[in-house]
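Dropping the structures in below, format is structure tokens.
Two complexes are shown next, each including chain A; its partner changes from chain B in the first to chain C in the second.
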Partner chain A sequence: MWQWFFKLGSPRLFYSMTDRYLPWLVWVTVFLMSIGLIWGLALTPPDYQMGENYRIAYIHVPTATLAMGCYAMMACFSAGYMIWNIKLADMIAKACAPIGATITAVALATGSLWGIPTWGTWWIWDARLTSTLIMLFLYTGIIALRSAFDSVDSGARACAVLSLVGVVNLPIIKYSVEWWQTLHQGSSSLSLSNTAANPPEIWLPAFFVGFGILGFFLIALILRTRNEILLRERRTQWVAELVNAVQRREQSNA
Partner chain B sequence: MLAHRQQKLAIVLFIVLGAGIAVALTLFALKEGINVFFTPTEISEGEVETGQNFRIGGMVKMGSVIKEGLDGAEVNFLATDFCNDVLVSFSGPLPDLFREGQGVVADGALDNNGTFQATQILAKHDEDYMSAEVKASLDAAEEEDVGVCQQ
Partner chain C sequence: MPEFQFQSLSEFFAMGGHAVYVWWSYAIFALIFAFNILQPLLAKKRILRQLQARLVREEARTVSGFSEPDGGKED
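Up next is the complex of A and B:
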């Protein structure tokens, strides 16, 4: 019964599957991103009081959401590695950290840029901003921790533990605006009606950008994981054959 | 599931739950300290002392903004949580979103008269985004949204 589960954990299978589906993912991502960005940044009407500058939310909200989603994903794969000792799960968790750190940095930077014209400050130590900054430190801490180990397995285990400990930060980020007084606004409740606050014309573009950024994240994750697979499996037969095939193709082209 | 896998699963759960409980207890102990501002009601209950530097947060009460001085650079207004009001005095540039009926967070201290002498004014906006047309039709359809004291 568990056989398909362990088969999914095969790095070789992951490599050949992603070979096939990666181009499709790129096209879908380009499609979603272009629609979402053009719609959100240019076409949708300006906000009644913030004017044009609220449009930065079309980058800020999807990146902030994905930054948390990426952390949750990294922690799940870390748990998968710890419980079942699946090497591929650790490779994916390793690939998550630098992408998640970058996305968190983008969310913080766009938030600052939005804060100057609206709040009148680019930073305040409120619960939402501080807990998000802690998430950035967790990501960078996990990257640093792994590079501090010579042994791949020891580094993987240490990072898995730190990733799991950091999960506690996710509900804090999510509910910070409800549990405490913050300068940051709460989460919008989206409306299906066109005559209410947060109508579809406001949030639909954000969904397109959101899924577009998710696609970009998956592309980056897959590419990083593939590199990690080649690096760790470099002494295996199938990687040697792969390298030979590439070399032969290059020679015949030359 | 094999016995040693169950053991690993237990370790994972222990890490997540253990960290969760530790952080929850810390946050519970800090509780009020995490709030980025005091409300007018908390100030009226004497939670802050005169001269102590802190932030006040609330709504700019409708009809309470008075601008004085050159180009209206000195501004006085009432910050309210709909239960209590605190008079805030400030001179300097205001953020674009500062207006009556909007959220405001001010940095400063109470003087001897109980007036909050602000050194910085920040605007707090809500999470409702819409076009001017939608806002106009909403305003036409219902009464002006007046806050109520929630106590």
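Up next is the complex of A and C:
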């Protein structure tokens, strides 16, 4: 009954499936991104208080959301590795860490650039900003921890434990603007549930950029995971055949 | 139908006096996302080269009957 589930954990199947569907994902992402960015930057009306500056929201909000989503995903795959010992889950979790770290850095940087004109400061040590900075440190800590191990399995287990412990930070980030007094605004202003305050011309471009950024993330994640598969499965017959096929193609092109 | 919200292209680039913040935000975003795509693509080329070299080495070993002391683990 659970055979399909463990079949999904086959690195070889992941490699061939992504081979087939990656081009589609790339096209959908480029489509969503180009529409969303042009719309958000040029076609949507300016905010009555923040003027043109609020256009930063179109990348700040989805990157910050994705930074947390990436952490949750990494923790889920870490749990999958710990519970069922699925190697592919650990490879995906490993790929999540550097992407998540860079996305968190983008969220912090765009937040600072937004904060200078609207708050008058690029940084305050409030709950939202500090907990997001902690998430950046968790990501970098997980990357550093893995590189400290010679054994792949010990590194994977240590990183999985750290990832799971760090999950406690996610609700703190999410609810920080409700639990504590802060300069950071709540999530209402771009929330899809609050349609009265947000006409479609505001949230529709955000929808496009949001899914475009999600596509970007998935492409980066798949590329990194595929590299990890090649490295860890290098002694298998199918990788040898794949390498030989690439070599033959290069020779015929040369 | 959404319309272009600026009077001219130069006003678009000025972003109502917030050009520095808006365009730097988008530039940082574009750079980091481009890095996240290009870095694994370059790494893949490097990995394939390494694996090719390893396959050639192994072939030579099976032909000559020579085996590495560590069983070829260190690569």
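FYI, the second predicted complex is superposed on the first by the 246 of 254 C-alpha atoms of A that agree within 3 Å, B and C clash if a C-alpha of one lies under 4 Å from a C-alpha of the other, contacts with A are read in each partner's own complex, and residues count from 1 in each chain.
Rule of thumb we're sticking to: contacts are C-beta pairs under 8 Å (C-beta built on N, C-alpha and C of every residue); 3 or more make two chains touch, one makes a residue touch a chain.
Owing to the predicted nature of the structure, the values given are computational and were not obtained by experimental measurement.
*Asks:* Given the superposition on chain A, are chain B and chain C in a clash or a fit?
*Replies:* fit
*Asks:* Who does A:I134 touch here: chain B (first), chain C (second), both, or neither?
*Replies:* It touches nothing on chain B or chain C.
*Asks:* Look at A:A220 in the shared chain and tell me whether it touches chain B only, chain C only, both, or neither; answer first, second, both or neither.
*Replies:* Second partner only, chain C.
*Asks:* With the two complexes superposed on chain A, say which partner A:P46 touches: chain B (first), chain C (second), both, or neither.
*Replies:* both
*Asks:* One more residue to check, A:A79. First (chain B), second (chain C), both or neither?
*Replies:* A:A79: touches chain B, not chain C.
*Asks:* Look at A:I143 in the shared chain and tell me whether it touches chain B only, chain C only, both, or neither; answer first, second, both or neither.
*Replies:* neither
*Asks:* Does chain B (first) or chain C (second) touch A:W119, or do both, or does neither?
*Replies:* first
*Asks:* Given the touch rule stated above, what does A:V152 touch, chain B (first), chain C (second), both, or neither?
*Replies:* Neither partner.
*Asks:* Just chain B (first), just chain C (second), both, or neither: which does A:L164 touch?
*Replies:* first
*Asks:* Please compute the chain B to chain A to chain C angle from C-alpha centroids in the superposed arrangement, rounded to the nearest 10 degrees.
*Replies:* In the superposed model, the angle at chain A is 130 degrees.
*Asks:* Now for A:E201: first (chain B), second (chain C), both, or neither, which partner does it touch?
*Replies:* Both partners, chain B and chain C.
*Asks:* If you've got the overlay open, could you tell me the nearest Cα approach between chain B and chain C in whole angstrom?
*Replies:* It comes out at 11 Å between the closest C-alpha atoms.
*Asks:* For chain A, what residues appear in both contact lists, the one with chain B and the one with chain C?
*Replies:* In the superposed arrangement, which is not itself an observed complex, chain A uses residues 45-46, 117, 201 for both chain B and chain C.
*Asks:* Which bits of chain A are touching chain C when the two form their complex?
*Replies:* Counting only chain A, the residues touching chain C are 37, 39, 41-46, 51-53, 55-56, 59-60, 63, 99, 102-103, 105-106, 109-110, 113-114, 116-117, 201, 213, 216, 219-220, 223-224, 226-227, 230-231, 234, 239-240, 243-244, 246-247.
*Asks:* Residue numbers of chain A touching chain B in their complex, please.
*Replies:* 45-50, 54, 57, 79, 82-84, 117-121, 124-127, 161, 164-165, 167-169, 172, 179-183, 185-189, 194-199, 201-202
*Asks:* Going by the contact rule set out above, which residues of chain C touch chain A in the complex?
*Replies:* Residues in contact with chain A: 2-6, 12, 15-18, 20-22, 24-26, 28-29, 32-33, 35-37, 40-41, 43-44, 47-48, 51-52, 54-55.
*Asks:* Which residues of chain B touch chain A in the complex?
*Replies:* Within the complex, chain B touches chain A at residues 5, 8-9, 11-12, 15-16, 19-20, 23, 27, 34-37, 39, 57, 94-98, 105, 120-138, 141.
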